[in-house]
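Each of the next two complexes has chain A plus one more chain, namely chain B in the first and chain C in the second.
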Partner chain A sequence: MPLHRKHLIDVADFSRDEVELVLDTAEAMRTVLERPIRRAPTLRGKSIVNMFFEPSTRTRISFELAGKSLSADVVNVAASGSSVEKGESLVDTFHTIQALGADLVVMRHACAGAPDLAARHLACSVVNAGDGLRGHPSQALLDLFTVRQHAGDLEGLKLVIVGDVLHSRVARSDIWGFARMGAHVYLSGPPTLLPAGFGDLLDGDGVVRVEHDLDRAIDGADVVMALRIQKERMAGGLLPDLREYARRWGITAARLRRADRRALVMHPGPMNQGLEISPDAAYGPQSVITEQVTNGVAVRMAILYLLLAGAPT
Partner chain B sequence: MTAEEPLVIRGGRVLDPSQKLDRVGDVVIERGRVAAIDPPDGQLPLGEPTVIDARGLVVAPGFVDIHTHLRVPGFEYKEDLVSGSRAAAAGGFTTVCAMPNTDPVLDTRSVLEGLFEQVEAQATVRVYAHAAVSLGQAGRQLVEMGGLSEAGAIGFTDDGVPLASSTLMRHALEYAAQLGRPVSNHAEDPALTAGAAMHEGQVSMRLGLPGTPRQAEEIMLARDLLLAELTGGRYHCIHVTSGGSIDLIRRAKDRGVDVTAEVTPHHLTLTDALVAGRTDPVSAALPPYHANTKVAPPLREQADCDALAAALADGAIDCIATDHAPHAVQDKDVEFAHAAVGFTMLETALPLALTLVHDGRLDLATLVERLTIAPARCYGLPGGTLAPGSPADVTIFDPDEEYVVDPALLASKGKNTPLAGLPLLGVVRRTLVGGVDVFDRDAAQPVGGRA
Partner chain C sequence: MGGNAASEDGAIGTSAAPLGAAGRLAMSAEDLRRALTRIAHEIVERNKGAANLVFVGVPRPGPLLARRLAAAVADFEGVAVPTGAVDISLYRDDLTSRAGAPDVHPTDIPGDVTDRDVVLVDDVLYTGRSARAALDALTDFGRPRTIQLAVVVDRGHRELPIRADYVGKNIPTAPHENVDVSLTELDGEDAVRITSAAGGEAADAAAP
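What follows is the complex of A and B.
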């Protein structure tokens, strides 16, 4: 079954079948990664441009490896700093990329909606690798993939996302993705970083609950996901004290005992150990954090494949 | 046509709220002024009068816009006085009031006089101007209010830039009071709007765009109204967007504070949902995160639209003002967060505002009042009336004719409308300033002498 899409911009647009298609394709891609020579010729002759307007190591390398594992030509455009600071408009950059003949652009940008702008100006496919606070769809898909591998079925699972939900594009994409697959999403964190309105996000189409008290939220959870705390949030008056945060919302092995005994521990990285997650949780038996990284390559291979080769001609 | 020939606008529904007039009749114009409003098909005046057939149409006083970004001087690539006048005339506006956030800012007498010289040479509608409150709109030092007032400034505002200093606002109100000029303010608390690109609510949360709450407006508006009460100064509330602001305005009016208020056609009718895109109707499809939905203060929620419409109907809000904010493509076709704010609005104001009439929430006479004599009164401007002896500034429109917004056909240089492709009702057919045609929808070429 092909994916009838040109772009991957927001996982919120994806149907359950489409998510499953990506996850099933990623299973196949994992077998490529387990071969002695981790390379398939599928995307030979296709060129992929990584445009990262925000610093990123993990996601950029993951997309680069994914493209190369499928034999695509991958070019990294160093575009640090905002285009406005450079005096070059983003639209101008798109036209240049277009003229150079890209088949797919992977884009990370500090502004929500920048990939939509790209899709309006580029003839090629656009993959959102994170835009502002809006979304990080490939992260959500790899999180879904990782949980599905362990739990088998996502329906009815209790996922708790903990931390700075307000400023997290990962949280937004995970809310859409997990709720779409039938999981129950609980959000926990300080009220300044988790407005109560998040509980009404879904408009009846799925389950999302806000529970500021983590000990209550985590009760019986199947998956516990910690989000990175940006230390600069304190300056904006959003967090009074980091130690207080760690005490109230930090994920520790002790706290995990309230969750289901097989509960998975996740983190999109990079971690502040001892703050949002303690080492005994991050590296404990329930942690799938390094698996997330490995699965990221397989899921991104699936995304590239479905958009570039899987499309009906 | 010259203003010297007599002119008769025959058989239209003459709707002039300034005279509580709403009946079919003939408007007789002589030497650029309204001579009489006669029963229909009466005797024509002597000479060889030109006759405009207005049967089936509404004949109203020319609309008055007290909030227009004409972009002159300095941003002529966005709009100039020729395109701005044409846009005004095409929208039925015979009077516009330029905002001072230009380059240089309208903060000194010489800059204002320079604008008026260009108006004299290029504009085909009547153009008044607001001066800034503070030098360079920097919020630190008052402008030469007396001199600017003498030169013709109708009021003072740093619109576009909130006046953060309560002290400066207090002194501006005190000083302007003796000049009889209103002060207005872009009321949005800068601390609460920092980094914001839209209204804070479910839509902003979903889109991951930083939002600004209604309270950003209400906090600063409450301060301004308290300072108006303290000083006895005249205060005009520009582009009111929230139900809470209306409560503040009602209370201030009840206490006798010298305050008036305006609302834009877009804040009356559009919501923040538009930022997430529009799929229906297909002709007006708008992708998500399109900067043509970005405006400051931002589009809010349906409950706000409803409260604004009710306040416009009952008079708590005095009038409609367009906040016409033309921008060039390169100002808008960028990341949403970096895009310029505002809509081109002169030419879509009437059909957009008419949606309230067609929905039964406002009667046509009240709408015309809010577009004519009411805004003129806020700033003590002449116009907004067809009373005999007044200049023949007339707008002839069909409130029921379909109008599909086509940016390419707008006379304004600014094509930045969130309404492209949207079918609305209400078409301006003809606009006269001082008895002279400045717009005729049926003319192949733009009319209006000097342009």
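What follows is the complex of A and C.
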């Protein structure tokens, strides 16, 4: 089954079959990364432009490695050092990229909806690598892939997402993705960072519940995901005291004992160790945090393959 | 290789139809079994034994055919030939002209193929483009001493300078026909059928 999509903007409208297609394809892509020659000629002659208007290390490098492993040409454009600094508008930047002959644009932007704008103005495919607080679809897909590898099935799993849900696009995409696959999603964190309205974020497939008390939320969980406390977004004083946060919502090995014995510990990175996650949890036997990074390349290869192979030139 | 678009995508043409409902029977289960046994003997004869062999199938159903050949070799030669699978979807030359990306199957090469005698196994040899892709894929895993090609059916219409070393049956076909190799594991029966692309009976003029 091919993916009948030109763009990857959001996982919210992905069907269960579409998610499984991406995960199955990523499974095959992993075998490419385990070969002596970690490169297939699949996207030879295709150009991928990474446009990152916000700082990013792992996502940008992950997309770059994914493109190169499929033999595409990958060009990186950062906001600093490009004509964006000289005042060029976003739409003009799109036209320039278009004229240079890109086949796919990977885009990160501080404004939600910027990739939708790109998709309207560009003739090529657009992949959202994070837009404002709205979504980070490739991260959700790699999280789903990582959990499926360990659990086998996502149906009925209890996932707890802990922390700054309000400012997290990763959380939003994960909520949609895991709920779509039939998992039960629990959100935990201080009320200032977790408005009650998230409990209504329900799409009929799974369950999304808000439980501010982490010890209750984590009870029997199959997956515990800590979110980064985004200090750069916290100018509004939503957290009076970081030590209090760590005590009440930090993921520690002691707290994990309330979860299922085989529960997975995840973090989208970069981590603030000792704040939202303690070193004994981050590097403990249940942690799959480095696997998330490795799997990210395979999942992004699958995304690039499904969007670009089979697209007429 | 390249039997038809349907079989390369893994949806074997007759899988959804009732048994015997569509197409002209070109090989029965017995014919298929005898052809695979003969091919297994030919492979061992030409390679002067089975110790250095590796059987690699092209999905689907190549890996299943590779395992049947290995079972036959184990039976008369007493040697367990390693078998595996090589997916060709990442090596195709028509990725920009198809509608939609073909499904990618996992590749599973047993051990190091360098200096081994590798036999590529596929159901149908047609244009030769899948064989070309499989050669490229295989050489990304090492440098085999030889690569040989075994197919159940050679249906003609080559577009590349490629030939099979071992052939179950040569079946001249018209381009509008499909050759469907059904295996019990995938389709509930062993058979080779010729169907016309429109789905009806194959034209009599194309009979061998």
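We take it that the second predicted complex is superposed on the first by the 295 of 313 C-alpha atoms of A that agree within 3 Å, B and C clash if a C-alpha of one lies under 4 Å from a C-alpha of the other, contacts with A are read in each partner's own complex, and residues count from 1 in each chain.
As a convention for this text, contacts are C-beta pairs under 8 Å (C-beta built on N, C-alpha and C of every residue); 3 or more make two chains touch, one makes a residue touch a chain.
Keep in mind the model is a prediction, meaning the values are calculated, not measured.
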Superposition on chain A - do chain B and chain C clash or fit: fit
Partner chain(s) touched by A:Phe145 [first = chain B, second = chain C, both, neither]: neither
Which superposed partner A:Tyr245 touches (first chain B, second chain C, both, neither): neither
Chain B versus chain C as contact partner of A:Thr25, first or second or both or neither: second
First (chain B), second (chain C), both or neither touched by A:Phe63: neither
First (chain B), second (chain C), both or neither touched by A:Ala309: second
Touching partner for A:Asp131 - first (chain B), second (chain C), both, neither: first
Angle at the Cα centre of chain A, taken between the Cα centres of chain B and chain C once the superposition is applied, in steps of 10 degrees: 120
A:Arg120 touches, of chain B and chain C: first, second, both or neither? first
Chain B versus chain C as contact partner of A:Pro36, first or second or both or neither: second
Overlay on chain A, chain C to chain B nearest C-alpha distance, Å: 25
Touching residues on chain C, where the partner in the complex is chain A: 87, 89-91, 95-108, 136-137, 140-142
Of chain A, residues touching chain B in the complex: 12, 82, 84, 89-91, 109-114, 116-117, 119-120, 131-135, 169, 172, 195, 197-198, 200-201
Chain A-touching residues of chain B, taken from the complex the two chains share: 201-202, 205-210, 287-289, 330, 333-338
Complex contact set, residues of chain A against chain C: 1-4, 24-25, 27-29, 31-32, 35-37, 39-42, 70, 302, 305-306, 308-313
